[in-house]
Amino acid sequence: MPTRDASPPLQLSPIVAGLWRLTEWNLDVPARVRWIEQALELGIGSFDHADIYGDYRAEVLFGEALQAAPALRARMQLVTKCGIRLRSAERPYRVNHYDTSAAYVRAQVEQSLRNLHTEQLDLVLIHRPDYLMDAGALAQTFAALSREGKVAHWGVSNHRASQFALLHQQHPLVTHQVELSTLMMDALDDGTLDQAQQLGLRPMIWSPLGGGRLFRDDDAQAVRVRQAMQPIAARLGIGLASLAYAWILRHPSRPHPITGSGRIEGLREAVATLDVRLEAEDWYAIWVASKGHGVP
Amino acid sequence: MPTRDASPPLQLSPIVAGLWRLTEWNLDVPARVRWIEQALELGIGSFDHADIYGDYRAEVLFGEALQAAPALRARMQLVTKCGIRLRSAERPYRVNHYDTSAAYVRAQVEQSLRNLHTEQLDLVLIHRPDYLMDAGALAQTFAALSREGKVAHWGVSNHRASQFALLHQQHPLVTHQVELSTLMMDALDDGTLDQAQQLGLRPMIWSPLGGGRLFRDDDAQAVRVRQAMQPIAARLGIGLASLAYAWILRHPSRPHPITGSGRIEGLREAVATLDVRLEAEDWYAIWVASKGHGVP
Amino acid sequence: MPTRDASPPLQLSPIVAGLWRLTEWNLDVPARVRWIEQALELGIGSFDHADIYGDYRAEVLFGEALQAAPALRARMQLVTKCGIRLRSAERPYRVNHYDTSAAYVRAQVEQSLRNLHTEQLDLVLIHRPDYLMDAGALAQTFAALSREGKVAHWGVSNHRASQFALLHQQHPLVTHQVELSTLMMDALDDGTLDQAQQLGLRPMIWSPLGGGRLFRDDDAQAVRVRQAMQPIAARLGIGLASLAYAWILRHPSRPHPITGSGRIEGLREAVATLDVRLEAEDWYAIWVASKGHGVP
């Protein structure tokens, strides 16, 4: 049933750079170009966007850098997302909502192409599961945009396993972007990572540091996890952030964690962990701290 | 594995009339005949029964009308259900329970045929998931009753996705009857509607008006939903009930809502919405009101 | 994809004897031999172990009996489990954790072979779902140990349906050992027993008497269930324990309950129920008492 994917297989870099907060980094165009070059030098070649990031402005900022240094494009994979209609000054929706209609997906993909000054997006994800998604119609939209050369690969983010299966039956999806961290482990138990492994798809992981809670929050879970992680990090000679990445990278689904940092040092902490293979005992000690109880 | 279904495909009318409360309508036989004729004139050709409705009496009342006006039968689809052993004066069970044994399903189907004065039921549903269901044996019962011409198609109601899959593997089911309304949205998230879409089966929807809660209840959810729906209904120039149906009809599974009204006006409110296509923003505004929080 | 299982089909006895508490029974070797002989005489030919039972000592005690009476081995099926690293004096792990690495599974299987003085284990189960399980690698370990003649069949215990599916896709599993009792009914609703039936696999049931809670606990659920079961047991002329087994055996998945008793009388109570077929009404009366509400 699934249309065969004519594009060559997608190869994301082991660590993916997330541009969620690009608009907050206050980088001028040359600084953005320099930031991208440094990421590439670290081996981070995949850049994760969404149409709505930075109040619909993040793609534009990134695209200005690509326009200024067009040779960069060939050295990277561009990932973006669409499907959320987020309220903003220019889009005064009554409520945030989802839209996976042919017209809207096409419009947003074409907007992302313009924003990013590129001919093709390497990967486009449906950002959230749209209850009103017509899987057959959406698959046709995917196929049409791929035929036109505008999108190489498709995937989804934050879908339940049954929602993923419904769309995957109609069009092959190459990844599922889900939340996972030492503070947020639902994906271990709700079947999404089991499904990814069963289909042989490597997930992308958002919020791998728990949105910063790991470092600063005083809630009981964050304190327990930090206390469990600190001696392990010390023993391994790495920082807390690096250990958080290593904890994710240990998962057998071979996930791609997405960093959210504008500091090159933040990217370096993620890349540094690619050589670290956590012992199962350490991995579970962190799980136990996060859950607040032992394994059954 | 599934036995091929020899019967022609089942075509239910877009709106299905539910006879759950027929015994409360206090209609004599001519009034029942007139009610059926009016429903048919509105394009409602499918009638949803269950052996137990009206303390096992609703089918009998409907059947009296069919006996009085036998030409009606050919213009309609008769749907019924079995599998619940409900306590009643004549059935003094210690507890209500389920029974999907060959003997009981056959007995109830044959009882429904007699009650409804018909040779064949167009669709029979297992009313609730029976933990003691032997899927292989039940599939044989289905096949035998179909071979004998007594039942054209089979389905289930209120099953989990895994329970549906277990039986569907043994005998093809043509629909899943589930609860869905602007006040009760579990089926959106528990995988049952995803499964129906994946299998290409149009679900039937019971309690589409939330059992009347939508109109009269003062609980926080009902108040929120009513307040969200009223301006949308006013803008579209339809009533609250019509909007509740339109909200269901917007779902991509192409559901068949089941009315429960004895008033022809109630049926008209449902049918009137077949032309209304809700905007995604309106659909989600009602979702947000029902959940009490925005989309993620 | 799944490697075909070259071994003849596994036949477990209808009731399986569990050795969880063998170390507490204080039986010397001749008494252990006598206990095994009596179990076999009752038709209980399958014995359920785990590497960790009795602080890693239960298999050793059982194996001493097999060494003393080696003719017994051919009359039984030996089942064991591995994959939990449980803290003990000799294994001072920081936390209990799971390990399904090739090296650990192999080491524990070979340890069980030595403990039990046998050349082959009839069935080995992965004791708990290991989040770090590499399904492909584990399947290779299964295949290698089967090729070497060390393990005839493989299964799992306490896995979610999606976890079971992931491993079963890589290597055929012959059973799923899950908890089920008149006090603990999650497996009825979480899809694991639906999956077992869909795959045609008979589950093994642990803690069929609710760990003894059924007989002695004063919590509301235990009291309700006991009160519902007592008149049914009296009417059937069996004891409470026998009724608890009969309730499980009535399930269409054709489960194998695992006893935990060292008393031959305890085994007899289980075996006695193989002739008892509970009426659906009795089965549901116990369900209702356990849930504290009627069926929907």
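Lettered A, B and C in written order, each chain numbered from 1.
Keep in mind that, in the parts below, a residue touches a chain if its C-beta (ideal position, glycine included) is under 8 Å from a C-beta of that chain, and two chains touch if they have at least 3 such contacts.
Predicted, not measured: the structure shown is a model, and the values here were computed from it.
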item: Superposition of subunit A upon subunit C: rotation angle, C-alpha, nearest 5 degrees; value: 120
item: Residue-number overlap at the subunit B/subunit C interface, same or different (half cut); value: different
item: Whole-Å gap separating subunit B and subunit C, where each centre is the average of the chain's CA atoms; value: 41
item: Multi-partner residues of subunit B (each touching 2 or more other chains); value: 161
item: Parts of subunit B lying in touch with subunit C, wherever the complex brings them together; value: 84-85, 93-99, 101, 128, 130-135, 158, 160-163, 165-166, 169
item: Contact set on subunit C toward subunit B in their complex; value: 161, 188-189, 191, 194-195, 197-198, 250-252, 280-281, 283-285, 287-288, 294-296
